[in-house]
Each structure stands twice: as C-alpha cells, then as structure tokens.
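The structure is given below, and queries will be raised subsequently.
Chain nomenclature is as follows: A, B, C and D, assigned in order of appearance, with residue numbering initiated at 1 for each chain independently.
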C-alpha cells in the first residue's frame, strides 16, 4: 500500500508489523453475536423510539447535510463530479412534449462531504488479516473489489437510526471556534475530554447521555469548508481552504470516546471531517491517530457521521431532538452520503 | 435528441412542435411566488409536523429504500457501478495499523433505483424553451451541463419532507398484483382512479387525504425487480426481468393525480418506477404518457419518489405513519437517491 | 447555458443571437459529400502513405502523449480519476494462484490531457440550431445525450491518421518560450502568423507544407503543465499552475490557420491546450476566441490534437517524420485520448 | 477475495495456498535488470523498426480497434458508460457563437473492449505476496489503490510498439471459426499448438516468427461480440451473446505460448477476449486457466492486446505488416484501450 502524507503528518504505511489487539482483546464476536452486521444500532427499541419522538415539541425540522459539489474539499484524492447528460437528457416525447434530465455522478459516494462510516470503512491490520467489525476480514471469500459482502452498509441501512439526538456545543463551551490541537494532552483547547462532555451536558441543561443516544459535536472547524462566501473564492483559494480543512481538526479525545462508548450511544457525529481530535502526528490524548474511529467503530459497532451542518441546531439551541436518518442501502459499500433530519 | 424506444412503445422525439399549455395556462409563477424552488414542500407547517409525529404509537421503524447494486434494473441506459479501491483503500497507518476502505461509484445518482424526482427532472418543450417548475427554462443562463442552478434538488433538500404518510394498498383493493394496463380507460385493473383512492381510504379506515400528506401506492409491480430469489438469477434472466419491469406499469391514472393535487399533498410515491399507469403507448386514462409527472411535478411542484420498498408497511397494515426523509443536497441535480423512514 | 469565465476572459453566453455564417457561406455539404463523417482525413492516399513512410530513416520512435493523472490541469470543470478496484481486483484463481487488477476511470475522456477534437466537439449556434461539421445539428434526431451519432469520433477513428508529420519549432524561431499574447496583432510574439510558418519551414530546411500533412506547433507553453519537478508541487501550487496554464496561450493566429487550410493539411497539433493563440478576450489576429477551431474543424474537417509532448522531436530536430495514430473508436464521442507515434 | 464464477467454470478463490514458482524459478530480476518496467518491448531496435517499415508496400492502412460502447460485452462486472454533458456542454461564446461538447465516461478503461494488458494486470499469489512482472509486489509501498507505481502502464506506453506484425489465420487453417475447446489436449480444434503456428507460417508463406515480432491470432470467436447486425439485437439477446462470448474461447495452447516466447516476440494479440484457449475448467493443454497470461506477461514481460478487429487484414491476406501503436500513458494503470494501426 502507498505511504500517504495526509493531515500534516506522515502516516507511514508499514506492512511489516501488525496490531493484534483485536484478537488478544477479543473484539469478536460482538455482544450481538457472530452474525451481527449492524452493531450498536441494535440498541434501538420501540420504547427508545417513542421516548425520542417525545422530544418533538415545536414541530421544527432541520436538515443536517452539507451540499455535494465538485469544489467541496475532499480527503486525499477523493472527488465529486456531476454532469447533466444532454440537457435535456431525453425528449421531447409525445403530444405533451415531455423532456427530462438525469444526473451522472462519479464519486467516492460513501466517503465525501456529509458521510457515514459503516462497518466496512475502518479496520486494523492483524496477523490474521485486516480485521473489521465483528471479526470479519477483507481476506474473507465474500469480501471483494465489487463490494464488502457482510461488511456492506446495506445491513445497517435496513435498520436506520431513530434516536434521541444530543448536540454538544463545544464552541459555546470554549467561547469560540476550537483550534486544531497542538499538544497531545487533556489541556489542549482543541481536544474535548470526558470531563468536557459532562460539563457541556450540565451547561446545556439536558439529561445525561444514555443508551441509544446519537451524539453530535459542534467544533466550528467545519466552517472552513463552505462558509457563506465560498462561491466567491477562486480555485487557488479553495485549494488553500481544502488543505487547511484537512490539515488537522479539533474533536473528541480518546477519553471522550471511551466515555461515550460506556454510555452505550449508537452514533456519533460532528461538523468536521473526522469527529475526533487530530493534531500534527497524533490523535487526541494519544499517540495514535484515529484511535476513536477504531475503538468506537471497529471494536464496538458505534458508527459515525461526518461533516454535518449543525448551524440551525446551534442557532436554535436545540440540544435535544429526534434524530431520524438511514444510510442508503448501497450493496457492499463502506458508507453512505446523507442529509439527516432533526426534529424538535 | 434521440428518438427513444422505451416501455414497449415508441416515444417519438419530435423537435418541430411544442406544447404551450404551461404558458397558456399560466403554470408560472407558482402559488409560492416566482423565487420559489421548493414547491409543495412549502405546505409543511409546525402544526402538521406535530400532527404527523402523533401517528407514532408503537415505536416501529421501517426503511423504505431498495438496494443499490449493479444488477438492479435501470431505466433506458442508466447504470450503477461500485468498486472498492484497493481493499484496503489505505493503510496500515500508525501503531494502530489502521486500514480503511472507500467506495467509488459512477451512476445516474438521482434517477436510478429508489429515486426522488425534483424540480429539474421533468419539463415541457414550449415555444419559449424547455419549461420547468415555476417557469424556469433549461436555456436560462444559470442552468447548464454541470448543474441546474435554481432547478437543483439542493433547495428542496434543505427543507426535507416530514409529513403524514398514507399507504394506499391497491393490491388489497384489487385482490392481487396489479397488471400493466392494456386499455386506456377507467375500468382497466392496472389503472388506479380517483374513485379507487377514495375506496382504499375507506377500506383502510383512515382519515381522508389532506393538505401536507405524502401518499404512497402499493401495486406489487415492484416485486419484478428484486424478488427474494433475485441473486439466483443469471445475467440473461435479469435482463428479461429488467425488460418486463420497464415495459409498462400499473399506477395512478390522471383522475387520481388530479384528485391528489386537489387535496394538496406534497409528495407521491410508489413501489414501481414511475408511480403512474403506463400501458402500450398511453398513460393512464389519457393518450399522454407521463402526464401525471407533468401535472404534479412541473405544474404544481408536487414531487415524486419511485421504487420504494413498501413491504413492511403492507405486512404491518401501517396505513398511516410519520414519514421522514430529505433528498441529498446535491448541487444542481435533478433528483436524489434515498432510504426514507416511516415510523408508526 | 452557463456563462463561463475561462481563460482570463469572460466568454459571455448569449442565447439570443446567432451566427449564420455556416449557412450563408455554405459550409455544408463538405467537399466529400453530405454523408461524409471523416473530413480532411479523406485526403490520405496510398501514395501519400508510402511517401510518409519514406521519412523513416534512423528507425527512431517517439511517443507524443502526455501522462493522464488526477493532478493534470484540466480545462474548466473537467477531471480525471483512476482507482484500482480491490488490489488485486480478482483472484487468487486456480492452482496457478493467478491474481489480476483492473483500473476504473471516470473522466471527460476525449477532452482532457492529450486529446483529439473530432467532428462533434466544436460547432456554431445558428438560426437553424447548433451547426457542426458537414451540416449536422445537435438537434438532429440521431444526436443525443448518450452519443453524437453521425458526429461520433468512431468514424474518423476507423480511418486513422498516417501522414507526413511536420514539427514547427516556434521556440527556436522566437528564441524562447512563447508568451501568452497581450495584443491582438501580427506583431505580438505570442501569435504565430502565416509568415512565421513559412519562415520556420525555411529555417528548418524542410519541404513546404502540403496536402495530407499533419502539422505540429512547439510553443513551450505546455511545460507549465507537467515540468520535470511536477510531483514535488503541493495541491495549492498545482492549482496555481493549472490556472496559469489555462489563462491564455500562444499559438497559431487566424492567418496561420487559413494558410494551413489552403495547404490542405489533415491534422494540426500543439504542445498546449488549444493550439491557437488566445489572449485576454481575443483569439489570435481577431476579436473571436477559438476562431481557428471553427474555421479548421467545423468548416473544413481539419481535426486537432492538443497537449502533445513534442520534447523528443525538438531535441532530435526531427522536423519531418512519419506520424501514425488513430483515435479510439468511442461510439458517439466528441474526441479521444491518445499517445501518437512519430517515426523518423 | 470473492470466489468468482466466470467463463463457465468455477475459479475457486483460495487464499490459503500460494504458488511459489515465480520465486523458485527466479522470474525476477528480468533479463533487462531489476529496474526494468517495460519488458519485451526492450527488444525493439532501430534496425528492427526499419525492417518492419519495409513491409509497407501498398500504402494501405487498417485500424484494429473495436468500438467502445455501453452494450459491448464486458468481462465479469466491467462496464462502459458515456454521456454528453449538456449537449452542448458549453456556449454559445463570443460573436462566433461557438458551442462545444465534451464526453464523460466511467469505465474499466484498460480492461474492456480492445484492451492492452500491461505489467500491472496479471500476477501470481506467492508466499511473499502478489508477484508481478520483474518481482514487484502489490504489497510494495509504491503500489496502491490510486495507481500501481512502477507497475503502471505509462512506462511501456512511453516506449510504444513498432514491430513486424504477423497475422496467424487459424480460421483458414481449420476451415472455419474455431470452437471453444471441449477437451484439454493437442487435438482439440479450439486449441492452437506450437505445430499449428509453424503450419500457418508455412501455409501463409511468410518468414518465421522472430525477435521483436508482434503476433496476432484470428479465431473468428470475436465475431460473437459485434457482428454486423448487432444494433438490431435487444437487451436480452445481447445478454445471451455476452454470456456466450465469455463462456470460453479458442486460442493459443501453452505449447504455442512457449514457442512464441522462445522466438522472442514482444506482443501477442487476438480477436477474442483472452488470446489463449479456455475451456470448461481448463486452459489450453493444461489444467491451469490463463497460464499463457502468466507465462508470457508475468514471467517474461511479453504483453497482450485483446479483442482486436482483424477483419480487414484477413480479407486482404495481409499476413505481414508494420504494426504501430502505443498504449495511453495512464499513470498507474493496468492496461490501456487502443486502436492500433497496421500498414502494409
């Protein structure tokens, strides 16, 4: 595999060594059995659904997706391209003189813009192969170049997410947009710790985070991507912003992720590209970049949705809401684009 | 434009003549003003949202999307292709030996499988150009090959759909799967009329269809697409099924569509590819194929979602439910893929 | 259509007016009759082929294509994306344990990097519709969103190009890389005139340009694209270079193009993106950008190949050579990628 | 990896075992040294080029590529899709009212239709990893999901192929289209042996196959793909033909491939999808499917071009000719599309 220089640090690809923690620490089978393909989404119950529905009091609706377009910054070499074949694509037909348009897109569909990380996205190279959620391996005979088989997102997409949504407003907590972390410790203002979460819950006067919740973090970092004046930037300015956006990010530290896992949440989300703190050469409170991804997704089946637009919720101080969304049922995919709905 | 042979009939492309009904009948500006880009989705109010939320009584959740895959029948020359670059796409990185996968897709993203027809999908060739919702034209300077500008789906996607969902079970009404219509009259069993709708509402013991509702039709025709044993079919059998699926379809006749429009619904949907009746050379109750598309979408901004999986709702006799879904915010697109959620 | 800001000038799209020169000046039928789909490639004869073959004296071979990759500057919103599904894509199979890789690409295949402009690429909006080579229109019933029918590149690709290649070294003539033209007159050093061509032929001691020749222009402007140190640039630097590369270009003025047409050449080519001079708001020796494209391609069927790598020919002072190449037979396409061969 | 059912046989993927012949038999470094990325194309010399040029006697030109289109049969799940964005894609611009079209394509560019198999296409799973030409491995740090690094086709594309082309007309030898082999022995009429090659050379009265030659086999099997009446077939008939085309093929047996290797050819080609004999569960004269691919490409760097249109050469009995072609310089790709030129 290619060594990649991303996020301002060298992530050196080293195929010679492995990480056998998933095997030694018995990450598989999951608590939902060896056949499970859904993870923490299993925690949703009719009772929890009804409780979350009870949060809708004003009848307000917010859509949380960002706009998909060619000039949206995309991680690494990912891209988005849309064309309209024909304009119109077909017609005029019949006496009505009907004309119609289609749209043709080529993109890393599940891993660009607002995106959901499903069971097949993040794994760990072990001595037995590339380990993914619930002990499935990329080397398994039912996983291949045209789809991930049992690791495909269509399984959790069949279930969907209906939950109590909790917005954690770290910008309000810190008194401003969070910076990219500079130092790898609990005092860095770009890293949200377990204590920070508890403090935000208290400040925002909401019930504790609990089983079946979906938890979303507002860092302000996401506004580097498409601020209001985005369309006025030229290609060079957009390239600069894209580089800045992906050079690191504030977010959850590992203590926060472990806390959320202990509370049995089913989904985390954020207004930036990875949700967890990433600084120059490290992840939050640890030397390991993306350890939250591994410890929540690969180990526990707690999925993630990135690059959300939380601005309406922040403006309305809608800290608790009914969250309703399902990934697309894309056969064998690692993730899904999305435009989730919050109701409150 | 190309003459197209589709759906068992020749839709002869004829660029010499036009249909000026949109101009003569003053379809623009819409009732929501000349700047509106959203259509009937404007009808949703907090009160209607709260009323729809009240339909959730059991805490049950259904996802209504179908699976996106390469062998799913696609209209005309549309297609779907997914690959996993690299497997893994990247890594191993860091001491955690993280590996990750992406998915690369090329497809008619808004017009394949479960799909939403937005403002830029259906129009009418008039003497002033190709007329679309609210008097916008494909010839306008802000509409082009890389996106439809004000006709793009991102505008209605910003709003989303939260509504009372109504399932009309025509299979129960007719006592079996509806056939492709053979004759273009109100007695053809493949055509659902205004009276049929009223009868289903009565049989199903639900409140009348009303303002802000989203109405879904179960015809059974959609099961030609991916029945339970689909994966056992070879490529030739799948090609036969695809041809059969698209050769015509049962669905709403024009009287039903006009009735739904008069009731001020905001969205229609069905378990097949077009929602409205299409027989050999005609649309339902009219000589004009796809007249419902034009009269609901282009004229009134009542949008459509096709190829839904309504099976769980049918099995549960969930005739009224909270429908929650937003299209993807795809800049300049004609439509969107989707996996809507029904709660009841 | 969208107004486009390209090449440092505003090309204002104006659908209200037309240019009826193709009709008034009787550009159709072509000299090869109304059915012709090939244009000046018709001029090739066995005798000319044998004469061109006679130019191969050293047995040297040069390939003239540039590298296709994601970071190659692309005009407007065009793009290139390649992934390797699976790595390996398939296998291991059988006792041999065969594994194999494919490559999946999404791109504007005929109009990116080294590219051939065929009959369906350039046209003129007239009062009768969009006029293309030999009087075909985009509005014709056999031209559509999935292919250009009789305007498709597969027809000229069936014939191919075998010709005497002539290299015109304008860098040697001017004593350095040609600048983007600043003023629209024959004295601007960025504009190559008819007299400049004659002077280069004389300086380079080759026979006059004649019937069936393929003529290539070396301007040096193409080196902005992928200089030797290209891979060391970051994304922002590449964006700057891409903007500079497309902001204008030195090349043939209209007098040169008319001269080449009068000599009955069959193909022109250059080391930059358009071959003809383009300055701020003008084409070479005229107020009309891309008039050479129209006068050579649309009017006369003399095709064009852009973004060539002429460096080996320049280094070897190979001013005359056997040129051998055929576009890909892409059904209904506007152009083709390529890697032509020069032998000398 | 996925187990694949292709070509009427089960190619069972078995990741547990390996084939260490490439290591034990010292396939690397190649005879051109450990840095070589080009293989047998190194054999071309100016003298051989001049000799091949001498075969052009009539001044005739044939293009050998097939048409790329959506309905062309493609191996496995490969596909081709072309759309024309906008129609026109841009314009009208300036006083000339220029309009232009682009073409947007998504495809397995190097492995569909007429296709070239380069260094990164075929390999062998060994105990050291996936072994490719000259001892490179897919696990190497410079090989990845976005391109194959030193295994990319751009290196051999830089060199190109100029050679004596030899057409072996097996249809003339056998007195008809060759059948898919039924039995795995030298007497099966679908398998071309070393003796068959010598007999064809003699029958066709041409010089022996020798160093630097490019050798092409005419089997007639390729006509299943796009016969003259192809466009009249419907989708189901095309699906049947595609299945038949790929269910097996006549072609070279392993004795023929070893003979060609011993003669030091630099390229082989055929009018079908793989060039070598493939029957139900076996390759020609061996139990190993695609052993010729491995023994010519992976072991020796003798590359392959598939799905050629040899009809003009056959009709003209052009058994010796100047073959001129270069793959596209696609960075990191496994192969290339093509439309080679034969001159005679």
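We adopt the following convention: a residue touches a chain if its C-beta (ideal position, glycine included) is under 8 Å from a C-beta of that chain, and two chains touch if they have at least 3 such contacts.
Remember, it's a predicted structure, so these values are computed and weren't measured experimentally.
Asker: Quickly list, by label, the chains bordering both subunit A and subunit D.
Answerer: The shared contacts of subunit A and subunit D, listed by label, come to B, C.
Asker: Decide which interface, C-D or B-C, involves more C-beta pairs in contact, and give its chain pair.
Answerer: The greater number of contacts lies at C-D.
Asker: Report, in whole Å, the distance between the mean C-alpha point of subunit C and the mean C-alpha point of subunit D.
Answerer: 28
Asker: When the C-alpha atoms of subunit B and subunit C are each averaged to a single point, how far apart are the two points in Å?
Answerer: That pair's centroid distance is 43 Å.
Asker: Touching at least two other chains at once: which residues of subunit C meet that condition?
Answerer: 1-2, 13, 15, 70, 77, 81, 83-88, 90, 102, 104, 106, 143-146, in rising order.
Asker: Quick one: in the complex, what on subunit B touches subunit A?
Answerer: Subunit B reaches subunit A through residues 1-2, 4, 11-15, 17-19, 44-50, 53, 56, 58-61, 63, 65-70, 76, 78, 82-84, 86-88, 90-111, 114, 120-126, 130, 138, 143-148, 154, 157-160, 162, 287-291, 293-294, 322, 324-335, 337-341, 343.
Asker: For the complex, give me every residue of subunit C touching subunit B.
Answerer: Against subunit B, subunit C makes touches at 1-3, 13, 15, 77, 81, 83-87, 104, 106, 139, 141-146, 149.
Asker: Once bound in the complex, which stretches of subunit C touch subunit A?
Answerer: 70, 77, 79, 81, 85-90, 102, 106, 144-146, 234-236, 238-240, 242-243
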